[in-house]
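Let me begin by handing over the structure; questions about it come next.
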Amino acid sequence: MGETQRLATLDSSIVDRLPAYSKSLFDAKTEKGLSFESIAQHLGRSEVAVAALFYGQAQASAEDVDKLSSLLGVPKEAIASQMMGFPDRGRSGPMPPVEPLIYRLYEVVQNYGYAYKAIMNEKFGDGIMSAICFDTKVEKEVDNTGTTWAIITLRGKWLPFSRF
Amino acid sequence: MGETQRLATLDSSIVDRLPAYSKSLFDAKTEKGLSFESIAQHLGRSEVAVAALFYGQAQASAEDVDKLSSLLGVPKEAIASQMMGFPDRGRSGPMPPVEPLIYRLYEVVQNYGYAYKAIMNEKFGDGIMSAICFDTKVEKEVDNTGTTWAIITLRGKWLPFSRF
Amino acid sequence: MGETQRLATLDSSIVDRLPAYSKSLFDAKTEKGLSFESIAQHLGRSEVAVAALFYGQAQASAEDVDKLSSLLGVPKEAIASQMMGFPDRGRSGPMPPVEPLIYRLYEVVQNYGYAYKAIMNEKFGDGIMSAICFDTKVEKEVDNTGTTWAIITLRGKWLPFSRF
Amino acid sequence: MGETQRLATLDSSIVDRLPAYSKSLFDAKTEKGLSFESIAQHLGRSEVAVAALFYGQAQASAEDVDKLSSLLGVPKEAIASQMMGFPDRGRSGPMPPVEPLIYRLYEVVQNYGYAYKAIMNEKFGDGIMSAICFDTKVEKEVDNTGTTWAIITLRGKWLPFSRF
Amino acid sequence: MGETQRLATLDSSIVDRLPAYSKSLFDAKTEKGLSFESIAQHLGRSEVAVAALFYGQAQASAEDVDKLSSLLGVPKEAIASQMMGFPDRGRSGPMPPVEPLIYRLYEVVQNYGYAYKAIMNEKFGDGIMSAICFDTKVEKEVDNTGTTWAIITLRGKWLPFSRF
Amino acid sequence: MGETQRLATLDSSIVDRLPAYSKSLFDAKTEKGLSFESIAQHLGRSEVAVAALFYGQAQASAEDVDKLSSLLGVPKEAIASQMMGFPDRGRSGPMPPVEPLIYRLYEVVQNYGYAYKAIMNEKFGDGIMSAICFDTKVEKEVDNTGTTWAIITLRGKWLPFSRF
Amino acid sequence: MGETQRLATLDSSIVDRLPAYSKSLFDAKTEKGLSFESIAQHLGRSEVAVAALFYGQAQASAEDVDKLSSLLGVPKEAIASQMMGFPDRGRSGPMPPVEPLIYRLYEVVQNYGYAYKAIMNEKFGDGIMSAICFDTKVEKEVDNTGTTWAIITLRGKWLPFSRF
Amino acid sequence: MGETQRLATLDSSIVDRLPAYSKSLFDAKTEKGLSFESIAQHLGRSEVAVAALFYGQAQASAEDVDKLSSLLGVPKEAIASQMMGFPDRGRSGPMPPVEPLIYRLYEVVQNYGYAYKAIMNEKFGDGIMSAICFDTKVEKEVDNTGTTWAIITLRGKWLPFSRF
Amino acid sequence: MGETQRLATLDSSIVDRLPAYSKSLFDAKTEKGLSFESIAQHLGRSEVAVAALFYGQAQASAEDVDKLSSLLGVPKEAIASQMMGFPDRGRSGPMPPVEPLIYRLYEVVQNYGYAYKAIMNEKFGDGIMSAICFDTKVEKEVDNTGTTWAIITLRGKWLPFSRF
Amino acid sequence: MGETQRLATLDSSIVDRLPAYSKSLFDAKTEKGLSFESIAQHLGRSEVAVAALFYGQAQASAEDVDKLSSLLGVPKEAIASQMMGFPDRGRSGPMPPVEPLIYRLYEVVQNYGYAYKAIMNEKFGDGIMSAICFDTKVEKEVDNTGTTWAIITLRGKWLPFSRF
């Protein structure tokens, strides 16, 4: 058993918090040995969006369902109506997060929340960065000292508060 | 009274949750009519870092204190020992955030937390993106439809879990 | 598989929080391909009220049960005693809501709660707007720039505090 | 002392949770005996928006400040920088609300949250009703039985989730 | 299907929070079409006490078990040992209550708690009204305008604090 | 110092959670040595309502203010605008209550909540007992064994859920 | 069915929070009609300790398992490995307790916590009473007026804080 | 400065959670160098009760006030009305307790709560041990190995649940 | 049944919070009568790391899986994909911990948190001790009075906050 | 202003949660430019213990007070009675901690809690590591790659659960 690429699997203890198709998709992904990167390329979508689909946090298009079905060998009828329905977002994990990787993202919001607000208010006015009209990606950088950096980009439409 | 650049001020109701120098700095900033952008340029630091300094979420260097003192007209002795001390981070606002702009960042973590984890685990292995050995910035993009986008970049060192 | 009207389905992970008939109704609705709009027309009731019936948040009349049973092909005896019983309201989702659409309604209450109170107190006196003797509806508006707006109307009987 | 129009005042026990100008504005309003309706007319803005300004939940324009200052007799310099700054929203009261009027709005979200979501998803697709690009109003209706109804209208831009 | 007397049933989603006999009793009650009023008359006990028995919040006597068994057709052995055991009270619903009817009772405690305390302290001294050596009832009043009023009476032994 | 009638006073540690006039009223009541019973008689109102006025949980009429002012010797102008304003109810104590007397009322709701709901639903239909169009009183009963009982009566208008 | 000694049983709704052997032991206890007093005598241990064993809050010795097995007729192999393992204490009920009997013990800690601390600090110095090197018992007292009193004794080793 | 008897003092950071007389009493106690043991002897009351008086958790008699006033040199008028009023109990510290000594008492309730309930139910029937008609004491035992044990005795009237 | 070495087993009531392989591993460990010490020696890893593997809090290498599989007789395919996946850490128990042993570690953080921070800041500067690039061990010390001490060592890489 | 040794100071926003002497000690420490290391050497105590003294989490001996008073120039009478009193521990910061350094210690307990318990139970039996009869220290290690490691050692007496 070599130390090959390891794949994200679905912890059995959170299955009940996710829609039923999550387990089907993760099981098939493990079976086929596919990474999210390869699935994302196949779907022509962002990796984060695809992982969000697997965790029930995003809506699939008909084309997404077709492609996932054929790539993973999961019958379309088993996943289509739920995946093309309207996701019930936000319940995959507890908040504050207890998972260390996710906690650190939360900690960034906790520590820099007001700093972001001050900078964005001065740069854009009174409003918010949308988390709906929004996309995000993860990138890898290896600097010239050989150190690996993770880079997360959040990009949302700026929405000014209405005056009424 | 023209509709000029508006500046971030310190809400009087959160003063008690922040170190005493926060109020001095914000008051001086308002008085001088300085934006965080101009202060950051003067200090040669990132805007978010400078706002974090104002909110007591980052440590100042001696040079930062010198420059802030002269730029804002705040006596060095009034701010140096506290600002160069070790910040007591994370208490500036409630969690979950109630402020709409900050809440949406929290919502991104809530909705995409597991997706980020899955993607980062497959890309980097078992570990976390550091929020300490970390920097972040805010940028503005206006696309060709004239829509304004806010872009937040989080960049942290990747730390693999130790095997022991 | 065309990009036709998508239908609200019941997330498998919240089934346990709802009365047993919720699943039967949603399954039949999906099977028949019916929208809430068409079911509401068939019942002669408001769309929101009908969705609330499906989520176990409202009481059905005998006539509602008859019509739902024939329209959806669900045996009357499977749903009548529970749907005509007294709903155990308020447990369908967590509060604060984690679902983004529902959260924004909560945020309106959080941000404008005292403003509503002040306006209503001055307009109506010391009292409350009833959430029981109450109806509500959702409407769609497309303005002349082509922008789509959602409009929610809450209409409740005004109840003054008794003097005793 | 006649039973004349009563005015909303600021409870002394929540003063510390609001920006400092809230107290000045409410004190002046009480002194002048002005209702929010008359202030709103003077400002040419919605009543709810004006009450939200008083509670520090909305940003004032320069013109708002001018008009409030002259109408209420509050020196412009005492309120301008804070009111034209960027509000730190969402902290005026506890959630869940304990105030009966505000609680009933919260209860509407608690009971009908999923029903709204289902109806809006079927009507508009996967997305949210914005609480930022948003306006709201309160109206009074007396029906033909003499019963008084309060009507709250929430109107927000529909934002579809981005596909990425 | 006529609009006859409706009966309280047990919401399937709270079955797991109650002792096992709750479901048996409610099922039999529904089957027999019995109201709590008629069951209470049969047992010679208060309606609230009987409903509390059904929800596992009160202890049954041997005679209660005999009568319930024969009236409802539930085998005595299926319910006797648990119903005559010692109830594990207080877990039937969440607190703060989310059910609107129960919430309003909670709100009475929230709003008038200190007023009750002040009045009872002046009337009875330093002590409490027992919730153990206690009985309660619900009555209906229709006043001369035809308005229906619900009346709940709480009657508890007064217990003065011991001096030691 | 004889063991005479003791009077409810205002604990200095909760003053900040109540409107400013609470302290003035309680101080004057202590000074004058008046019980709530005698104040209630003077005002022609219920004892609980009067205590609620003192704790800022009810609105005063102009006549209430006149009478309180003359009875207690508190200048009318010091209390009128706030007491005749719109109370910000529900914040006088923590929930769950920690005060033993108030806790036992809460415990009644916790233990008998569903029993009340079942009985009231069967007696009145689907609805709630209003806590707004509502009055309440406290009475004392000494039974023939010499035992003292406290009796609290809650009386609220029955509000059926609207059908829409 | 006579009004004989009633026995503590295990509420079916908390079975899932306890180790699997709890149900076996309680079922056998009910079947055999044994009180904790008689089981404790058989084991030569304190009643509270034996009840704690049944609720999974204490570790059994090999001899305890032998005796429980023969007394209750539960196969030794069904209970030995778990009962002789290391208990996962503290999860049998919610805190704050909602069960009235347990709540009153909690209330004693809430009301007298600082008083105990002050007295014990003055009597013993800076330290704690151990809850580990600890035993406890329940006794019954009937005083000369015929009143029944429950007496709980907590006896723990005094542990002074180390100086380092 | 010798290592003499140390006295319990009042932590300045909890002063605001206690009635105003707490500070006066503790300051005088420190000044006079009195232990709770000696004060209790002077008052002829239990040590725990006296400490509870100091923390505002018990009501003083006129005689208690006289004796405390003369022993501590605190003017009677400064403490009488509040100390003889009705205590607002239960707010001296947070729950769960964070203070280690108090936490261990809480832990006893957490771990042994159901065991106490089972034993007391079998011994006394369905009811509770009163925390109102209640007394408690702390004792010191030094066993024959020289080990010091703290013993807390809780003694409360047994109150059976009423049958109604 | 002798009083031999007792082994840690898995409480049946927490099985659902852990990944599915936890139960398989613990069952096999109990069956084989193996201590964590002997398993750790077999794997050449730290005892704490091995227990963390069993509780799903650490990632296994291919070699770990091989060795565990052969030592415990658990089929490799039953555990490999999950154990070599990415752990979903942090959900094994509630926080604050209710288990007494774990609580005391939490209490150390609660009581000494700021002291550690002050010492580490002065010794290392502004930063944190990593809990990721981290190892830990438990040791036993018997001092010359025969007293047993437990020693836990936490060793983490020091990470200074980035300046940006 | 050189980049010399920086000293831990007391954040003005937590002063109110600590005993009054904390501020005096920290102010004097800052004034004198003393590190905890040098103060600890002067007192002959551990650094962590000394920092805990400053944060009000440990009791001072008379000798500690003498030495601190002379070293820091703080009058003995200003600190002796409180510092030699009995600390009210555990309230210096919120839990879960929001401060990043302290949070990581908490995370260690969250992730490894059950692993520590399993290892310690197998090594020591059923019991706990005392946090009272306890000492702790912080050390610095620079490994041969130049990496800095922080090492925290927790050493507590092992307390077996009593059998009773």
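Brief remarks follow.
When the chains are written out, they are named A, B, C, D, E, F, G, H, I and J in that same order, and each has its own residue count from 1.
Rule of thumb we're sticking to: a residue touches a chain if its C-beta (ideal position, glycine included) is under 8 Å from a C-beta of that chain, and two chains touch if they have at least 3 such contacts.
If you want to know which protein each chain is, UniProt gives these names: A, B, C, D, E, F, G, H, I, J = Cyanate hydratase.
Please read these numbers as outputs of a predicted model, since none were measured by experiment.
Annotation: the chain B (Cyanate hydratase):chain I (Cyanate hydratase) pair of sequence copies touches via predominantly the same residues, more than half of the used numbers being shared. A repeat of the C-D interface exists among B-I, A-D or G-H. It is G-H, with more than half of its contact pairs matching by residue number.
Between the CA-based centres of chain F (Cyanate hydratase) and chain G (Cyanate hydratase) the separation comes to 40 Å, rounded to the whole angstrom.
Centre-to-centre separation of chain C (Cyanate hydratase) and chain G (Cyanate hydratase), using mean CA positions: 47 Å. Centroids built from CA atoms put chain F (Cyanate hydratase) at 24 Å from chain E (Cyanate hydratase). Computed from the mean C-alpha positions, the centre of chain C (Cyanate hydratase) lies at a distance of 51 Å from the centre of chain H (Cyanate hydratase). In chain E (Cyanate hydratase), the residues touching two or more other chains are 6-8, 48-49, 61, 86-87, 89-90, 95-100, 103, 107, 110-111, 117-118, 121, 126-128, 130-132, 134, 136. According to the touch criterion at the top of this document, the contacting chain pairs are A-B, A-C, A-D, A-I, A-J, B-C, B-D, B-I, B-J, C-D, C-E, C-F, D-E, D-F, E-F, E-G, E-H, F-G, F-H, G-H, G-I, G-J, H-I, H-J, I-J. Contacts from chain B (Cyanate hydratase) toward chain I (Cyanate hydratase) in the complex involve residues 45-46, 48-49, 58-59, 61, 86-87, 117-118, 121, 126-128, 130, 132-136, 159-164.
For chain J (Cyanate hydratase) in complex with chain A (Cyanate hydratase), the touching residues are 96, 98, 100, 103, 107, 110-111. The touching residues of chain D (Cyanate hydratase), when paired with chain F (Cyanate hydratase) in their complex, are 1-3, 6-9, 11-14, 30, 94, 97-100, 103. Taken in their complex, chain B (Cyanate hydratase) has these residues touching chain J (Cyanate hydratase): 16-20, 56, 61-62, 65-66, 76, 80-82, 84-91, 95, 131-132.
In the complex of the two chains, the chain A (Cyanate hydratase) residues touching chain B (Cyanate hydratase) come out as 5-8, 35-37, 47-49, 51-52, 54-55, 57, 89-90, 92-93, 95-97, 99-102, 104-131, 134, 136, 138, 140-141, 147-158.
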